[in-house]
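Two complexes, one shared chain (chain A), two partners (chain B, chain C).
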Partner chain A sequence: MTPLVTLSDVSKDYPRTTTRRDRLLGLLHTLTRSADRHVERVLDQISLVIEPGQSMAIIGENGAGKSTLLKLIAGVLHPTEGQIVCRGLVAAMLELGGGFHPEYSGIDNLKSAASLYGVSDEGIISLLPDIIQFSGLDEAELNQPVKTYSSGMQARLGFSLMTALKPDLLITDEVLSVGDESFQKKCITWIEDYLSSGGTLLMVSHSTYHIQKLCQSAMWLEQGKVLASGDAFVVCQAYHRQSLEQHGESLNSIDHRAIQLDQAIWDHQKCASLDDIQINETNVLRMSWPGQQRLEAGWRFRFRVYGTDGQLICCQNLNAEEQFRRAQDEPHVLRTHWSFSDLLPGHYTLDAVILDETDGLVSNLVDRSFRIPGRSRAFGSLRVAHQWRSE
Partner chain B sequence: MSRGQLQVQYTLFQNLLNRQIREQYLSSLGGLLWVLLLPMMLLAVYSFVFVEILKVKELPGFDATGFIPYLAVAFWPWFMFSDSLSKGCQSITSNRELIGKIALPRHILVFSDVSASFVLHLAGYLVILLLLQISGTTIHWVMLPVVLCLLLILFVFTAALALFVSATQVFIRDLAHMLTALLMLLFFTTPILYTLEQIPDQYRQWFELNPLHHVMTAIRECLLTGQWPQLSTMLIMTATAVLLLVAGWWYFNRLSTRFEDFL
Partner chain C sequence: MSETPKEVAPIERDDHVHVIEARKGFRSINLKELWDYRELLFVLTQRDIKVRYKQTVLGVAWAVIQPLLTMILFSVIFGKLAKIPSDGLPYPIFVYAGLLPWMFFANAISQSSSSLIGSSQLVSKVYFPRLIIPLSSVGSGLIDFAVSGVILLILMLWYGIGWSLHLLAVPLLVFAVIFTALGVGTLLSALTVSYRDFRYIIPFMVQFWMYATPVVYPASMFPEKWQWLLFINPMAGLIEGFRSAFLNQPFDWQGISISLAVSVIIFLAGVMYFEKVERRFADII
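Coming up: the complex of A and B.
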């Protein structure tokens, strides 16, 4: 299969332009194709191949070069070095309201934005009903100028256009996070259908939930370089671990007898918030939350323990249904007893999530590193009962 | 470039052209009237100054036509030129939002801006010619196709210059201001308000280097005296315009790879 996008050793420099002299020099350098030394490298030697049907996320901190990379692939930016080969129709939602004119109505903007993607006038007219239906905006709203739209409405308009274009490659940059919950769901369902019908996705997102739900692979950028690339879950975990470390929240002298878990990540609206989560001295992970949060049939808790290298040590599932549906309206507490005495000294990660019936992530409960202190002459993660006997 | 791509670029161009025309003229108060009104006001002011105050009487070669028709016939082509050049200069910088978000061939932005100004002023031009005819000036309508050819040459020439200035404007923001002054200078050094014959001999050869002078004079001769332009002049003008367009194209594409960095 020919790849949809191929990047070979692509680098991008941005000029440090402050004075008129810099700009004039920039002009001369560009004209003579000589190297401009007054620059800042934002992407450094990135190579990447995207096959048709692939879905990839780009993660990293702010300023890591994620958006620049997307812009390069979308053809909005030109690389300083290296080559980009791109086949097929690329539709990119790089920012909110991309290509929209604030003074024009929603309808007019849809028409002119579609033409920017090379859709003919007749084409637009036949696509319009679908676009409008997907956006969920009513006629009065569509006849208002786009400047009166909320950011959510702009996202609706933009994404609806993308759905109608049926691109070979869809690029989105943090746009899913703007719409309301029902529209986000609609978009995700659409992207899933799009992917299953052979579409290709490249997205930047800070939502682990979206990435793990939509992407097979992920690339982690840091200061313009690829730090890790591969399976979406593994890369996200590694990224997550590092960002926790950077905030100094973990790994520093946490005793395994009193693992302090801070506020859990509870990023889904189905349940509002977790009000208490802690592990007591006897290694019980205790989570309690108010009664009005409903756990649906078919949901389950999943607990996993990972070693330092990202290797799964243990995965335990618990059906939420049996345990919690009895007392739906009362505050309930979940206790899980964990004995880490079989773990060898070292660093580990515990993560606990709630999954729905299709294995979609409902909520991140816990994602924490911890340390088992001590010394051991054995290597690995687990202590296995053994005896030495010479005969 | 494949045929499909050309088709896409054409659709894009058409759409931007419509957008431009709507945005600049039709949406504002008075609509299309502005295209006529503003040049006509200027025409009135110049006519008043030159005819009533400065008492310009002789126009060698055009004595029969009078000052107002003489000026009007060259005035609108001048507006096509100056208006599209000053709009074209900002084509890239004013579409910063679009360029940063959608991959589109940037030269289309320049061409659509220049075309929009040409189309609108051409409409105004035809109305003015009609008005002149009604008020008693003899307009040689049979020469209109030749005039359109001359305007096409002017268009190519203008588009070429617009490619240069729009690309340069991205890097050197003062250019737009400089251009306003330069256009003013060019207006007074092009025989629009006067004829070439009125220029003292020692300066005349310099004035003849101005390509606009040749276009304006040819248009005047066509419409007011029914005289065909010299073939050699036409050929030289066409060659100059095309060469300039090639150079402008090269310059623009060379710089366009870094537009986004400097916008």
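Coming up: the complex of A and C.
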């Protein structure tokens, strides 16, 4: 299969023009045609192949070069070195509502934005009903200038346009974090459908949940270099571990706060495996960590279970102080018993974290999806005891 | 329940391969790409026109008021007070025939020079040939240009100047003015992205340029021997040409030719510089 996007040794430098001196030097370099060494390297020798049907996430801290990478693939920026080859229609949502003119009405903006992607006037008119339906905006709102829109409405309009374009490659940069929850879900559902019908996705997100839900693979960027790439779950875990360690280091030096898990086990099976959970049994999540890592007063454990659409099903808190009144140097073991017999078959996510007294994250213990096997006629997430009786 | 995506008419798209490479130096304009994006040029031009008089009370009437007021003002100051000669024509119509192309040109270059910065949202978020942006702001002035042209034709009847065959030269001159405006406009728009100083330079430059151009005075005020120097300013030959065409005066073909040649050079230089620095825009805008 011919890859959709191929990046070969792509590097990107940004000119440093913050001071007047920089500008003058830049002018001098342009005039004398000498190379401008006064630059900042944002991406360094990135090679990447995206096959049709692949879904990939780019993760990394702020300033790692994620957005720059997306902009390069979208063609907005030009690489300083290397080559990018793209095939087919690339639709990039680098920012929802990017490319909209504030004075222009919603409809007119849709038309001009569509022409940015090479869609003709007739083409856009045939697509308009679908776009409007997806956006959920009414006639009156669409005829208002975009400057009167809330950011959520702009997000709706922007995403709706993408859905109609059906691009070969969809690029999104943190766009799922905009808009209200119901629209977010709609977008996620659409992306899932788009992926299952053979679409290709490249996204930047800070939400592990979205990444693991939508992406098969992930690439971890740090300071413009690829640190890891491969299976989305593995890369995300590695990224989390590192950011926790970094976080922990700074905390450790102050008050030994970071908790590192030795292991987290479901019924003696590694939590990291995607095993089906038997609904009729009580599942035990056993977590242990070394004794020298202390839990402070006021800290608590929080366990949450999410449904497929990101909906929170339950959130349980456990006060750490009460549970861990034991010798400080003994290794800690926390065992939680879960009965999932009330969950309907489907995919779920469980996460467990330790929070401090101000709800700040101390440690990210578990972030795992699991499956309740079986079939059910009921919709939703929970089985609620009920009876039918005709009278 | 999740929505199943409905079948819609497939969008026309050619499966062309898009190669983005690190390149240096000058390159030719990608005319095919520009042609592929003609729809966008049209839409953006339309958008500029619509937005131009939005939220004004008088609306499109400004396209009529602006040149007429300028004509009256200039007739009083330069015609009556300074008594500048006007080749034997009534001063108001003499100056209006010069103002017609000049105002289009001046608006076009000041609008297009700020057009890229004004569209930074677009430039930093979506890919398209950037040349479209200054092109569309030059294009959006064409409506005003046409309106002023019609007013001139009416004024000619008012002042008893008949419509002559000389009017046939107008399309050629209009094209030449558009070309010059495109060249200067693209050049200034690209320069303004890197050096915002141009935002302050351009208003002065436009004023200075007007006085260096025979708008309020006739080229005949210059000694014959040195007139060719005047025509190195492409607008000089073109504006004299406009006057000859509308006001039924003899054409100074030599002057017009010099100006045309210079305007072609400016156009090529402007577009080439633009294309050279185009790929840097998103970095610094």
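FYI, the second predicted complex is superposed on the first by the 233 of 391 C-alpha atoms of A that agree within 3 Å, B and C clash if a C-alpha of one lies under 4 Å from a C-alpha of the other, contacts with A are read in each partner's own complex, and residues count from 1 in each chain.
Keep in mind that, in the parts below, contacts are C-beta pairs under 8 Å (C-beta built on N, C-alpha and C of every residue); 3 or more make two chains touch, one makes a residue touch a chain.
Given the structure is predicted, the values throughout are model-derived calculations rather than measurements.
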{"item": "Touched partner set for A:F183, first chain B, second chain C, both or neither", "value": "neither"}
{"item": "First (chain B), second (chain C), both or neither touched by A:F159", "value": "neither"}
{"item": "Contacts of A:A92 with chain B and chain C, given as first, second, both or neither", "value": "both"}
{"item": "Partner chain(s) touched by A:R20 [first = chain B, second = chain C, both, neither]", "value": "first"}
{"item": "Per-residue contact with chain A, leading partner among chain C and chain B", "value": "C"}
{"item": "Chain B versus chain C as contact partner of A:S112, first or second or both or neither", "value": "both"}
{"item": "Touching partner for A:Y348 - first (chain B), second (chain C), both, neither", "value": "neither"}
{"item": "Which of chain B and chain C A:S197 touches, first, second, both or neither", "value": "second"}
{"item": "Chain C-contacting residues of chain A that also contact chain B", "value": "14-15, 17, 23, 26-27, 71, 74-78, 90, 92, 94-95, 98-99, 101, 112, 115-116, 118-121"}
{"item": "Residue ranges of chain C touching chain A (in the complex, touch as defined)", "value": "2-6, 8-9, 11-13, 15, 17-23, 36-37, 39-40, 42-44, 47, 50-51, 54-55, 121-128, 194-195, 279-280, 282-284"}
{"item": "Complex interface listing, chain B residues touching chain A", "value": "7-8, 11-12, 14-15, 19, 97-104, 168, 171-174, 251, 254-255, 257-258, 260-262"}
{"item": "Complex contact set, residues of chain A against chain B", "value": "13-15, 17, 20, 23-24, 26-27, 30-31, 33, 71, 74-78, 90, 92, 94-95, 98-99, 101, 112-113, 115-121"}
{"item": "Contacting residues of chain A [partner chain C, same complex]", "value": "14-15, 17, 23, 26-27, 71-72, 74-90, 92, 94-95, 98-101, 103-104, 108, 111-112, 115-116, 118-121, 123, 126-127, 130, 134, 163-166, 186, 189-190, 192-194, 197"}
